[in-house]
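What follows is a pair of complexes built around chain A, which joins chain B in one and chain C in the other.
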Partner chain A sequence: MSEFRWHRKDLLGLRTLEAVEIRHILDTAKSFQDVSLRSVKKVPALRGKTVANLFLEPSTRTRVSFELAEKRLSADTIQIQKTGSSMVKGETLKDMCRNIESLKVDLVVMRHSFSGAPFRLARHLKASVINAGDGINEHPTQALLDMFTVLEKKGKIEGLNITFIGDILHSRVARSNIWGLTKLGANVTVCGPKTLIPVGIEKLGVRVTYDLNEAVEQADVINLLRIQLERQSESFFPSIREYATAYQINKNVLKRAKSDVVIMHPGPVNRGIEITSDVVDGPYSVILDQVTNGIAVRMAVLFLLCGTAGTETEE
Partner chain B sequence: MADKERKVLSEADVQRALIRISHEILERNHGIKNLVIVGIRTRGVFLAERLCANIQTIEGSKLPLGYLDITLYRDDLGEIGPRPVVKQTELPFDPTGKVVILVDDVLYTGRTIRAALDAIIDFGRPKAIQLAVLIDRGHRELPIKADYVGKNLPTAKEEQVIVKLSETDQTDEVVIAGGSNE
Partner chain C sequence: MINLLIKNVKIVDPAKNEKTADVQLPVADVLIHEGKITKIGSGLNASGEKTLDGTGKCLMPGFVDLHTHFREPGFEAKETIVTGAHAGLKGGYVASVSMPNTFPPCDHQGVIDNIIRKAKEVPYYIFPSGTISKGREGKELSEMADLKNAGIVAVTDDGDWVGDALLMRRAMEYASMLDLIVMSHCEDRRLSAGGVMNEGLTSTRLGLKGITAASEEIAVARDIELARLTGAHLHLCHLSTARSVELLARAKKEGLRVTAEVTPHHIGVSEEIIEGYNTNAKMYPPLRTNQDIAVLKQALKDGLIDCIATDHAPHTPEDKMCEFDVAPFGVIGLETAFGIVMSELYHAGGWTLGAIAAIMSRNPAVILKKEERFGLIREGIEANLALVDPSLEWTVTSEELRSKSTNSCFIKRKLKGKVLATVCAGQLWEF
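Right after this comes the complex of A and B.
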């Protein structure tokens, strides 16, 4: 266990974190795993703190995971969603911040469809801000729980071949994972149709391939990205069926994979599109472990940030 | 730091104290039935392991042993500052109905023990909790008292009591550092 001490006010992305900070979060998360296994699933660490969950874009698993993490730390929580909030009445983000400040909230968890929105919020608020997904930019806690799950299953991250398959272009999960995994020394490959791989992504230190078989063969971990049907307003591929023919992970494709390959998916899963049901429910899948680990990782982040309010905000 | 260190317990003293405490625990509880030992991280864990080994030598069987990290139960978490490092709590038994021997190195303000009591009670309802410490240095801020004490050590608040154990510090000894004593 490192003797490193956490100093940041916010968790906005993994791009700006140092490797030592990422490791510290993952180490701390390990200590929070057992809280969810006790008969009393609660510790008093955040007693008296108030957390606002500002989910301005639909979310179920991230929102529920954060809410449970907050409750297991004894924080008081409020939920603000887009429908039914003053956002639909045209309130600006800045005015919303001022109101949150006046409510004496200690920590804000924010999901927003605009990339960069939580960064803006963090600059205006004394409270800590956690980015729970901003547009196509970052989703740091998802990447951290993915990394935590890899560590749990493989015992290490350094030197592993980790492959992302699917819609890399719209994926904040992939982006945060790439920042984090490359800092911890993994070899990252991205694979998908050309239209869904951002131009110049090699500059982040990842390998690009358009060939699914090749992507699968060397992989220690395969992280599948959901085809985001809600973001497919332009046509990036001819049809869902054609996408599935070329890039679906199924029993046949996995015959080429290593015998100890681990299959991950941030959810929600489109069964029969990017992955077949038999693989989702099969022995390589750790998709439900990811969900369980998400709570421990988010508890660790909440714990580390709470108490640093009033310190410097990163740009 | 030019602070003088004053040795108060030698390696043999530490061992003797732990053997005496082991016997006292057995005497008071009439054997090992229903007993479990829980060490508070970090040095309480090593002391708990040693008490456990001593009791095994005396009685011939091993007590269930657990480790407690009390960070999440501290009463100073609300204060602004970097978060302390959280280590794992491992209680491989249900404390309900058991007599829990809680072990720490130094008893000082009593706040660590207060946190440990809350932590244990979140895992179950023990029949009783008894406290064993190597050093009681006084200056309590809470109404807490140890059941088994290696050595009572009157100290000044400015002084520092340092317990060294071979598991982390190469040697077993207890020293007092700092303060204004000539």
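Right after this comes the complex of A and C.
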């Protein structure tokens, strides 16, 4: 374990974290990894603490992963689920904060369809806030579990060539990964049609290419992003068919890759679109390891933040 | 009707002294009798009348705002004609062009009649604008001749740019026949759709959807071409990008009837303040980059952009108390405009007081063809004046705002230059 002591109240994104803090979370996660392998999958670290899972956008994977992490830490949990914005129900973000405050919860895990919402929640709340995905902005625990998986498979992050393929523009997973990986010294490449590459992203120290072969060739890790089928109707690409022709990862494309390349995907996978089934189920894929590691990483984050609940928020 | 003597004050009359060095500006006494400026001279006396000591202060013509949202009728929780007028007076303003995105919208003479009736009850001048299209829907022209008879000075669909070039052509032709200004909020909404802030590195960093500068520039370019075609007086609202300024410069060089405004927030603050997702930094057009700010300031200095207009757009705290993506666009500006302009252009930019007074009062008055009543200081005319301290430092607080809303992006900002008193329509307001 590093000597570093965690001091932040919230985990809102990797953009505002220091490299040493990211490493500390990853180190901490390692110590939680074996809890899920025991016959009694529970430690008392968060006994007596209450965690509210506030999911204002549909989510299965992240929600279940957080819930398991909380339960394995012995926390009491409540689920608050709504679809769409709080405003749809006529409740302002501020009222939501005040209500949560009154419920005396220690920690809030928030998923929200609008960027920045957890930042505003955190500012008004004494409880710790974990961003479980906000709009197209960040999904820090997903990026942390991706980094944890890279570490597990490759033993390091610094100096690795890590490529993201797909809809970078709308991807909070890509954004959080870019912040985290560049801080830890990886060489990040993003690849996708020009319509789905955010403006100015190269200024974040990221290489941009529109050519899949180029993106694959030197990659140590390929992280695929789910392509949302509705992007076709918004004219981001002409058809799923053409998208798959240009950007699908399949056996043929992987012939150009390094022999020890690792394939990741945050899920859910569109089999046959961004990735073929044989690759999903094949030897390069670590997609299910990501799912398992997600629990350890989220346990680590919950554990670290619970020690600092009630302190000052960042900004 | 006020009787007032302002003693020993520096007179900043942009009609006469726009380019005069500050030290050469005349210092005099100004006598106001029954709301009129009756005498400007030295050693004036007026026994028993109210006297203000103007030593170290400046007297400017009251400011004229070409872009105010009074929100009445329809959205009185945000602002009313009364509260908006008092916000204006606090900011040194004496007149505003009211925007037509009310409910019902100002597409019918009845709505204009109603605004004018209410405006007569406040000590402030309101010149309404009407809509270009019925319901601001961009489909059919409003009854502009009727609206003109009711008292409008301009037509605009404000927040909704007329996307149909043919309708805009007809609107410009019809409006120019009626000698109405066509004000255009230039933004191709198809191109900016879904965006909530300026598109660029900052929007990528914050994970917010961007509004490309091109959505404004395309609209500016088209409207300039239609102004060329029709001969209409096109007034470009709240320009925000460097490239818009280039298009404007070319149009002016060719002698087209094109004028333009910029808001205090577009020269006073960049997109970077959106860090933290402050919904009071969300408006149309979005805050842009420091590079754009530099170009906009230079364009004001060069006279390419004619004037400051506030785009005072009140929203209640409840409206803004939400996620950045769903918050309404708009910030208030009447009460902070002078402080921002003085801080950014006078103190930091080396402008003369005369040039400041020109962009705040004279130039907008000329655009409205009301330069005989506003934007000057003369014996014999009604006193519409702002008494200002050019160097007084103050901090913007929401508690001190007279507007019904507090959605300012300048809360907690330290400003240098403050309005001390406003004389308007025969009344004195001291702050």
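Annotations for the structure displayed:
We adopt the following convention: the second predicted complex is superposed on the first by the 304 of 315 C-alpha atoms of A that agree within 3 Å, B and C clash if a C-alpha of one lies under 4 Å from a C-alpha of the other, contacts with A are read in each partner's own complex, and residues count from 1 in each chain.
The definition used in the following text is that contacts are C-beta pairs under 8 Å (C-beta built on N, C-alpha and C of every residue); 3 or more make two chains touch, one makes a residue touch a chain.
Values in this document were obtained by computation on a predicted structure and should not be read as measured data.
In the superposed model, A:K156 lies in contact with neither chain B nor chain C. By the touch criterion defined above, A:K194 lies against neither chain B nor chain C after alignment on the C-alpha atoms of chain A.
In the superposition on chain A, A:F119 makes contact with chain C only, while chain B stays out of contact range. Shared-chain residue A:T92: touches chain C; no touch with chain B. Of the two partner chains, chain B is the only one touched by A:F303; chain C is not. Once chain A of one complex is fitted onto chain A of the other, the partner contacts of A:K251 are absent, as it touches neither chain B nor chain C.
Of the two partner chains placed around the shared chain by superposition, chain B is the only one that A:D34 touches, whereas chain C remains out of contact. Counting contacts by the rule stated earlier, no residue of chain A appears in both its interface with chain B and its interface with chain C.
Only residues 15, 85-87, 92-94, 112, 114-117, 119-120, 123, 134-138, 172, 175, 198-201, 203-204, 315 of chain A touch chain C when the two sit together in their complex.
Interface residues of chain A, counted against chain B in their complex, comprise 1-7, 27-28, 30-32, 34-35, 38-40, 42-49, 73, 300, 303-304, 306-310.
Against chain A, in their complex, chain C makes its touches with residues 199-201, 203-210, 212, 276-277, 318, 321-326. Looking at the complex, you find that chain B touches chain A at residues 69, 71-73, 77-83, 85-90, 118-119, 122-124.
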